[in-house]
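Consider the two complexes below, in which chain A is the common component and chain B and chain C are the respective partners.
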Partner chain A sequence: MIAYIANTLPFLWEGLLVTLAVSGLVVAISLATGVLSGVGLVYGPWWVRLPIRIYSDILRGTPLLVLIFLIIYGLPLLGIDFGNYGSAVIALAAFKTAHVAEIARGAIQSIHYGQTDAGKAIGLTFPQRLQYVILPQAVRRFLPPWINAVADAVKGSALVSLAGIVDLTLAVQQVIGRTYDPLPMYLLGAAMYFIINYSLSQTSRRLEARFAYIRE
Partner chain B sequence: MIPTHPIFLRQLRNKGRVNMSERSGNETRARRDFLKLGGLGLAVGAAAAATLDPHKAAAQAPAQSLLRTVLNRGKLIVGTGSTNAPWHFEDDKGQLTGMDITMARILARGLFDDPTKVEFVKQDPASRIPNITAGKVDIVIQFMTVSPARAQLVAFSRPYYIEGVALLTSTKGKMKTHKELIDAGKNAKASVLQNVDADKLVAKALPNAQVLQLDTQANAIQALDSGRSDAAVIDLSTVGWLVKRNPDKYLDSGYHYDTQIYSAAMRQGDPDWLQWVNTCFNVNMHGHQTDLYDQAFGDFFASKPPRRVPGFPSI
Partner chain C sequence: MDYHFNFNFVWRYADKLYWGLLLSLEIAFVSILIGMVIGLGLALAYTGGGRLVRTAIAAYVEFIRNVPLLLLVYLVFYGIPSAGGFAYDAQTSFVATLALYSGAYLVEVFRAGLDAIPKGLIDAGKSIGLTPWQRFLYVRMPMMFRIVLPSLSNVYVSLFKDTSLAYVIAVPELTYGANWIKTNTFRVIEVWLVVWPMYLVTCYVLLHGLRLLERRFSLVRR
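On to the complex of A and B.
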C-alpha cells in the first residue's frame, strides 16, 4: 500500500503543479479583473455598472462546467481558439471574476459614506479617497470571503481535467486507469487538495489577525 | 461610529447617490434593465446553440482534405484518453500505451514512416465527438463504439476490434456467477460506464437488475469493490485484463455477450482522409504490415488474431 502510493507520487506531483498553476493564474487574473469590476459596480456611471451587472448575474447563474465547454467547443466554431489550457483558465477566471466583483462591491459598500464625506472634506481626489480611505478599510472585509473564493477556485480547477488537462484530478484518474485500484488514489488526491486549502484558510486567519488592528 | 440618528440618515440620503437606499434603487433598476435585455440574451444563446449543433458543424467541412493538412504539419493529432487499460493508459513510466495508442502509431507509421510522430490530445470520453466537430483533433481513437446515432455526427473508420461485454464479480460478493445474479432479480445492482444504450446493455444480461451509470470504467469497478454494485458490466477485454492481474479479487461471471464495433472517428465530409485511414488500417490488419497490430493484440488481449489466409480476401 505504502509502496503503491510512493510509486504514484511522481505522477501526481506533475498534476499537482498543474493544479497549482491553473489555480494561481485564475486567482491572479480574477483578483485584478474582479476588483476593477467591483469598483466599477460601486462608483461607475450606469453604462459601466450595467454591463458588469449583466456579466456578473449571468456568470454567477451559469454552471462552471457549461462555461468551460462553451469556451472550449463553442469559440473554435466561431474561429477563436485559445487551446484547451488557455480556454480552461479563461473560463475559470471569467467565472471567478464575477464572484470577486461581488465580494469587492460588498466590501466597498460596507464602508460608510461618512468616510467618503470626510475624504472630500479634507480635499482628497477620488483616486486618493479610494487609495487612502476606502480601500484600506475595505480590504479587511474583502479578505475572508475572497480567501473562500480562492479555496473554491482550487477545488473548481479539478474541472479542467474534463478538458483533458492533466491536473491533480486527471493524474489521479490516470493512475487508477492503470491499476484499477481507485480508493487509495482518491484518498491521496483528496489529502492533497485538503493540504492546499487548509494552508489557505490558515493564511486567511493570519491575514485577518494582521488587519485586525484597525478599529471601527 | 456608524451614525443612526434619523435626521443624519435623511441628510445622507439627500446628499447623493452612494447611500444605501439609493444604491438598492440602482440595483433594482440595473436588474430591470437586465431583464429588458433578456430577449437579446436569448437570441445570442440561440445563435450559439445553432453553431454548436454538430449536424450543422459537420456540414461545414473543409474543402481541402485533412490528409494534406496532416502531411504538411508533419504529425498526427489524435484525441484519446489516458485512464482506461488496456485501451489507453499510462504505463509505469508514464508513457501512454494501449490498443488505441497502437492504432494511432499505425497511422503515424503510414503517414510519416515514423510511429512516434503522433501528438495525443487527452480528452474525456464525453469530448470525443465535440473535439472532432470543433476541429481540435484529426481523429479520435478512444474505444469508441460505433452506433448509427453517432454515425450521423462523425465518420467512422473500418472496425479495428470487436468488443464484447462481460460481468465482473467480486470474490467477496454475494453473487458470483451469472446465474446467481439472474436469480437475485431486482436485488442485483449492476454498475456500468455511461454510454449509448447503457441501460439496455445491462438489461440484456440482467433484465431485472438496477443500473448504476458511472463516468469511468474504473468507477464502475470501484462500485463493485465497495459493494455498491454486485456486478460491473464492463468490456470483456477489461474483465480479462483484471482477472488475470487480480485473480484473488475478481471473477468472470462466465457470461459473455453482445458485440460492439470499435472504430476511429473523424470529421464528416472528408472522404479522402476517411479512405486513407481505412486503407492504412486494412494494410495493418490484413496486409503485409501486421507486426504492430499483432504485437498489441498479444500484449493487451493476451491472444492472437486469426491466421491471415492468402486467396479470397476476408476483409
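On to the complex of A and C.
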C-alpha cells in the first residue's frame, strides 16, 4: 500500500504544482483587479460604479463551471485564443475579481466616515487620505475574508480539470484510471487540498482575532 | 467576427434545458432540506455536547469546507461505493454530496443563530413556566429560524449554482443538458449563451423571492 502510494506521488506532485500555479495566478490577478474595482465601487462616479456593480452582480450569479465553459468556447469566437490554460485562468480570475471587489468595498466602507472628515480637516488630498488614513485601516478588515477567498480560489481551481488541464484533481483521476482503486486516491487528493486550505483558513481566523481590537 | 449564430438547434432541444433547470432547483431544494437536518442536529449537538462530540463535528465541518466540491462529488460517487461494494445512482449520490456539503456550512449558520437568541427571551420562557422542550419548540426554534433566514437563502442560491457540478457524474440537470446539446449539435457557444442567462435570471429571481420571504418573517416588522 505504502509503495503504491509512493509510486503515485510524483504524478500527484505535478498536479499539485499546476493547482498551485493556477491558484497563484488567479489570486494575483484578482487581487489587483478586485481592489481597483472595490475602490471604484466606493469612490467612483456613477459611470464607474454602475458597470462594476453590473459586472460583479452578473459574475456572482453565474456558476463558475458555466463561466469557465463560456470563456473557453467564447473567447476564440472573438478572435482571442489563450488556449485552455489561459482561458481557464481568465475565467477563474474574472470570477474572483467580483468577490475581491466586494470584500474590498466592504472593508473600505466599514471605516468610519469621521476618518475621512479628519483627513480632510488636516488638508490631506484624496490620494493621501487613501494612502495614509483609509487603506491602512481597511486592510485589516480586508485580509481575513480575502484569505478565505484565496482558499476558495484553490478549491475553485479544481474545476480546470474539466477543461482538460492536469491539475491535482485530474492527476488523481488519471492515477485512478490506471489503478482502478478510487477511494485511497481521492482521499489522498482531498488531504492535499485540505492541508493547503486549512492552513489558509486558520491564518484567516488568527488574523481576524488579531485585528479584533479595531473598533471604528 | 465571421461566425454565424444558429440558435435553432438550441430551441429544438429546449426541453432538455427546461427540465434540467427544474431538476437543478429540485436537487438544490432536497439537498438543503437534508442539509438543514444535518446542520441543526450537529449545531445542537455541538452546543450541548462534550469535547469529543465537538471535535468530531469540527473535523467534519473543516474537512468539507476545505476540499473542493468537485472532489467530494467524485469521492462520494466513485470512491465510497468502490470500497463498500455497493452502488447508488448518480442523482442520489449527488444529492447526498450536496446535503453533506451544505450541512457543514449550515452547522455554523445554525450555531451562530442559536447564539444570537436574546437571553431575555429564554428567561421569559422560563418565567411563564415553559418546560425546556417547550422553550426549545416555541421560543428558541422560531427565533433561530428568523435570525438565520437570510443565511439560508444565500446557501440555497449558492447550492443552486453548485448543482452545475452534477454534470460530471451525468445527472441530467441544466449544465448536463447544455453539454448534451453541445456534443450532439456542435452549437457550442449558442448553448452557453442560452444557459448562462438561465442560471443568472434564476439566481436573481430566487434571491429576490427569498428576500421578500425574509422581510415577511424578519424580527423587526416594517
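As a working rule, the second predicted complex is superposed on the first by the 203 of 216 C-alpha atoms of A that agree within 3 Å, B and C clash if a C-alpha of one lies under 4 Å from a C-alpha of the other, contacts with A are read in each partner's own complex, and residues count from 1 in each chain.
The rule is simple: a residue touches a chain if its C-beta (ideal position, glycine included) is under 8 Å from a C-beta of that chain, and two chains touch if they have at least 3 such contacts.
Quantities reported herein were computed from a predicted structural model and do not represent experimental measurements.
With the C-alpha superposition on chain A as described, chain C and chain B clash in the combined arrangement. Legend: residue contacts after superposition of the two complexes on their common chain; A:198 is shown touching chain C, with no touch to chain B.
When the shared chain is aligned, chain B comes close enough to touch A:164, but chain C does not.
When the two complexes are overlaid on their common chain A, residue A:183 makes contact with chain B and with chain C alike. In the superposition on chain A, A:65 contacts chain C only, with no contact to chain B. Of the two partner chains, neither chain B nor chain C is touched by A:47.
In the superposition on chain A, contact of A:109 is made with chain B only, not with chain C. Look at A:11: by the touch rule set out above, it reaches chain B but stays clear of chain C.
In the superposition on chain A, chain A positions 57-58, 69-70, 73-74, 77-78, 161-162, 173, 176, 182-183 are in contact with chain B in one complex as well as with chain C in the other. Chain C makes touch with chain A in their complex at residues 1, 3, 62-63, 65-72, 74-75, 78-80, 82-83, 161-162, 164-165, 167-168, 175, 178, 188-189, 192-193, 195-196, 199-200, 203-204. Across the interface of their complex, chain C is touched by residues 57-58, 61-67, 69-70, 73-74, 77-79, 151, 154-159, 161-162, 169, 172-173, 176, 181-183, 186-187, 189-190, 193-194, 197-198, 201 of chain A.
Partner chain B is touched in their complex by these residues of chain A: 7, 10-11, 42, 46, 49-50, 53-54, 57-58, 69-70, 72-74, 76-78, 81, 84, 109, 112-114, 116-117, 161-166, 170, 173-178, 180, 182-183, 216. Contact residues on chain B toward chain A in their complex (touch as defined above): 1-3, 12, 15, 18-20, 23, 26-27, 30-31, 33-34, 37, 41, 48, 51-52, 57, 81-85, 88-92, 94, 121-124, 126-127, 130-131, 133-136, 216, 218-219, 221-222, 225-226, 242, 245-246.
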